[in-house]
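The two complexes that follow have chain A in common; it is paired with chain B in the first and with chain C in the second.
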Partner chain A sequence: MVKVVAKNLSKVFKKGKVIALDNINITINNGERFGILGPSGAGKTTLMRSIAGLDVPSSGELYFDDKLVAGNGKLFVPPEDRRIGMVFQTWALYPNLTAFENIAFPLTNMKMSKEEIRKKVEEVAKILDISHVLSHYPRELSGGQQQRVSLARALVKQPSLLLLDEPFSNLDARMRDSARALVREVQNELGITLIIVSHDPADIFAIAERVGVLVKGKFAQIGNPDEIYNDPVSVEVASLIGEINELEGKLSNEGVIVSSFKFPPDTYRKDNPASEKIMIGVRPENVKLSKEVINDDSWIFVGKGKIKVVGYQGGLFRITVSPPDSEEEIVTYTDHRTNIGEEILVYVKKHSVMVFNQ
Partner chain B sequence: MKKGTVILVVPTALFSIILLYLVLWNAGVSFMNWSLLNPTPSLVGLETFVSVVRQFQFSNSLVHSLELSVSLVAIGNILGILLASLLYFLKSNGARSIFMSIMIYPLAISMAVNGLIWLWLYNINIGIDWVLTKIGLPQFPWLSSTSTMFPSLIVVSVWAYTGIAALFYLAGFMNIDKAVVEAARLDGAGAFKITYKLLVPNSFNSFVISTALLFLFSFRIFSLPFILSGGTTNIFLQTSVLYMYYLFTVEFFSDATAVATIITVIATIVIIPYALIMIRRWIRR
Partner chain C sequence: MRPVIKASLHYLALAVVSVLWLIPVYAMVINGFKSDLEVSSTPVLVPPTQFSIGAYVSVFGSLAKPLLNSLIIVIPTSFIAAFLGAMGAYFFYTLSYSYSRFSSTLSDVLFSLIALATFIPYQATLIPLTRLIVDMGLLDTYAGIIFAMLIFYIPTGALLMSMFISVLPRSLVEAAKIDGTGDLKIFLKIVFPLSMPGFISTLIFIIIQSWNNFFIPLVLVTTPEMKLISVAVEAYTGGYGTLYNDTFAAAMLASIIPLAIFIFLGRYFIRGLIALGGGGKGV
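So, the complex of A and B:
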């Protein structure tokens, strides 16, 4: 329920020796679910903390709607007046307070009767399915319950902006999906603006409508997740938003040559190679391995490969294949077992190879 | 036994043996009747204890010691929490270490020196009273009146020892996950509420350590009352340890050791449960 606007936002640490944010310009719309994706040290957390008011940007301006909340190294609206609910990576529950008291804490700082507080806490606890653990202390709760208590504490004060800082990284994989679904559902119901910071593309795809990929303190690309997945501006962005095979090749008349593999022009997705030395990227799902020749126009033969590594992951075999006598590797997933050392035909999907001109 | 164990055990054992020997020797003498008047001591059981405990000076000095301990533990903890939270909310790390150093400075110098400094400060002509008269306020008698003498001693001991409580509380506060405090800020809690609702309740270890230390420091205090009262005989500032020393100087050896034994027993009764709580908490972590 608030629009967040950053204008030339920068943050430096250690007297300018470390640049955490470098001229960030972004508008996050009212009610939007915005994701910030980036490797560690890219400035994701600094950006989120600046928005929360816990860090003061060194230069540039930050607006909530049309109100200047921080600008040119000064804080105009302190964090407690920004109407922000935040879920920290460590959840930051108050260890000496029960789950109920944790959730009620923001309300006790407002002028509100005890009865009203009880009602609100119970309401939000019911939505998040933690009503039965309200009398427990954080240390007595499971990871998932702690995360939901933390979310409840962020939501109970009816914030206009919800910030999630790697909220799922401390959950086990099994719980993550339901936690993501829950966050989305709650956001949908309340219509609040949501910003999620994560290094895990799965979080972004599950929650964000729009994502900014932060690399070295700058947004390398902003767009919707699918768009960035399919048309990343650089190899780095491509690998941040999903697994990708990065290959360095040489340009020839017949296409891009990577050792004994040849990627002909009809495999290119969009851009054509412009320089002699070229970087290409292929998503694993756009690679197919076959023992027999495939007679299908949408799959294009690139060469014969040798299977190097076979792994097993999530019901699929993860196969690493290389051109014979070469170190280049391509990873893909298949549903049937293959043997190490076996020779195999490598196909890629038509118009699926990303070409990165450097 | 492993080599490491031996290296660890031998000095500890030696140290304990010497310490225990002295304590037991002291206890042994206290069951005798050794004094200037009786140079050939013999065992008299609890007779010395009974006669010492009946003395006015004994109960008077013990009450002083306990009063001082209770005051220092209470005021020291409260002031320690207050100072530590002020330091905690300072934005600059540099300023924080400078202020912390100033606060623990009295501990770094000899307590006798602290006593002398305050003897000057309490002087009605040149100390605090000089400032008071300059700004038109009445003089305060400090050490010159029997009724303000003891509170003046409490003031000095608070000044000397509060730093250590502040240090332990600050360490405890700094140990708390910063995100927890930030979450509380986002939840709209002010510095005061963060302190009493989050920082203090999560610093139980600091409370235990600073209470134990403040008690020990104040219960065995010697230099400050000795310097401030100018000797061992001022009954308004006499603490148990001073009284013990007084008995020794007048060569009532058994009486002195009896007082020493009582002091040791009281300190042990207070400190051992504390030590046990602490060890249990550390092991549980």
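So, the complex of A and C:
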């Protein structure tokens, strides 16, 4: 229900020695679900804190709709007046209050009857599956329960902007799914603007319509998740949004050579390699291993590999293969078992290899 | 060094210190129970042959009112000073985390001033203080003494409490702000309950300090009816014809309350100090 606009937003710490945010320009639309990905220390939390009003940008402006909320090192609207729900990376539950009181806390600041507060808290607790621990103190809750209490506290007051800083990092896979679904549901129902920071691309794909990849205080790329997954601007961006095989190769007229593997031009996704040294990226799902020759135009043979590692993960075998006598590695997933040391034919999907000039 | 030897030396040192510390207390207790004759004829550290409570009886009559007066003064003084001190400390905490450089500088300056205020000797301020109290028409009243004590002990409270409050995780205050909470409510519902161990330590410290405070009641009390215990006890020392058993009995009576507080609340005092070292997690 609010549009967040950052104009040349910068934040420095320690008198300029640490540049956490470097000239950020972004518009997050009313009702949008925006994701932020980035390596540790990229400035994700700092950006969230600036939007929340807990940090004041060193320069640049921040608008909520058309209202200037912070600019040029000054705070115009304090956090308590920004109508924000926030889940802190550290949760920040009040240790002296029970889970119930924690969730009810923002409501006690509004004009609301005790009965109404109870109803609302119980409602959100039920969805998040924490009804049975409402009388517990935070130290008596598991990590995942604390996280859900924190999420409940942010959601219960129906904010116009919801900020989630790694909100699901402590949940198990099943809880994670329902928490994601809950966040989407609430967002959908209330039409609130949502910003989520996560290390886990799955969170971003499940929740965000648009994602910004923050690297060293700057947005390296902004776009919808599929776009960034398929057309990342750099290997680093590519690896942040999903698993990828990074290989360093040399350009020749027959394609990119990586040890004894050769990636011919019809494997390139789109960019034409220009420099002599090339970095290529291949998603695991675009690699196929086979004992027999594949007669299918959409799979292109790159070379013979040797299986180095076999793992089992999520119902699939995770295979690492290398060109013989080489340290380069390619990872892929298959549903049938293969043996370490076996020789195997390696194929990649046509037009699937990302080429990055160096 | 072998652990056993190390531990033994450790305990030996603790024992020596404890004995040294306990000797005056021991002397105070046993001499109060001696008779008039025995107290002047036996060495100080020898226990009485016959327990006599004569000294206590004779002293209690004249110390009962001062004891009551002291309670009336010390209880409100210590609670108000510790609580307002805690509020002040939270104020400084918010100022120092403030975004504007001006308020964090202001916080530093004000805080240094307060720290300075706690180091000023009472004696140096006696004349202006007396004048102030006289002008307010509060000379020789409970309110006047409490007011004067608060002037000295609120800064002490703020100084001590700011040590306890500054170790609270900042994200709690931030979360409360985002929840739309005003500063007073943040203080009452979050900061104050979480710094309770520190508050109790501060409270005990101020109780003992104000109980033993001598100069303020000495100058602000003009009638015997209003005398506080610290001044009343002084009548039993020095001067002519001191009766030692009375002196010891009076000292014993005067220190019973601080002693009791320390014995019963001492572990909270320690817990508060531990909470400081443990990053404020001693809840």
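Everything below uses one rule, namely that the second predicted complex is superposed on the first by the 329 of 358 C-alpha atoms of A that agree within 3 Å, B and C clash if a C-alpha of one lies under 4 Å from a C-alpha of the other, contacts with A are read in each partner's own complex, and residues count from 1 in each chain.
Methods note: contacts are C-beta pairs under 8 Å (C-beta built on N, C-alpha and C of every residue); 3 or more make two chains touch, one makes a residue touch a chain.
As the structure is a computational prediction, the values presented were derived from the model and not from experiment.
With chain A as the common reference, the superposed partners chain B and chain C clash. Look at A:K157: by the touch rule set out above, it reaches both chain B and chain C.
Within the superposed three-chain model, A:P324 lies out of touch with both chain B and chain C [touch as defined at top].
By the touch criterion defined above, A:P95 lies against chain B and chain C together after alignment on the C-alpha atoms of chain A. Within the superposed three-chain model, A:L75 lies in touch with chain C and out of touch with chain B [touch as defined at top]. Touch criterion met: A:F105 reaches chain B and chain C at once. Of the two partner chains placed by the overlay, chain B and chain C both lie in contact with A:M86. Contacts of A:L54 after superposition on the shared chain: both chain B and chain C are touched. Legend: residue contacts after superposition of the two complexes on their common chain; A:G143 is shown touching neither chain B nor chain C. Shared interface residues of chain A (contacting chain B in one complex, chain C in the other): 52, 54, 78-80, 82, 84-86, 88, 90, 92-97, 105-106, 109-110, 153, 157.
Contact residues on chain B toward chain A in their complex (touch as defined above): 177, 179-180, 182-189, 193, 197-198, 201-202. Chain A contributes residues 52, 54, 56, 73-75, 78-82, 84-86, 88, 90, 92-97, 105-106, 109-110, 153, 157 to its touches with chain C in the complex. Remark: chain A residues 52-54, 78-80, 82, 84-86, 88-90, 92-97, 105-106, 109-110, 153, 157 touch chain B in the complex. On the side of chain C, the complex with chain A involves touching residues 99-100, 169, 171-172, 174-182, 185, 189-190, 193-194, 283.
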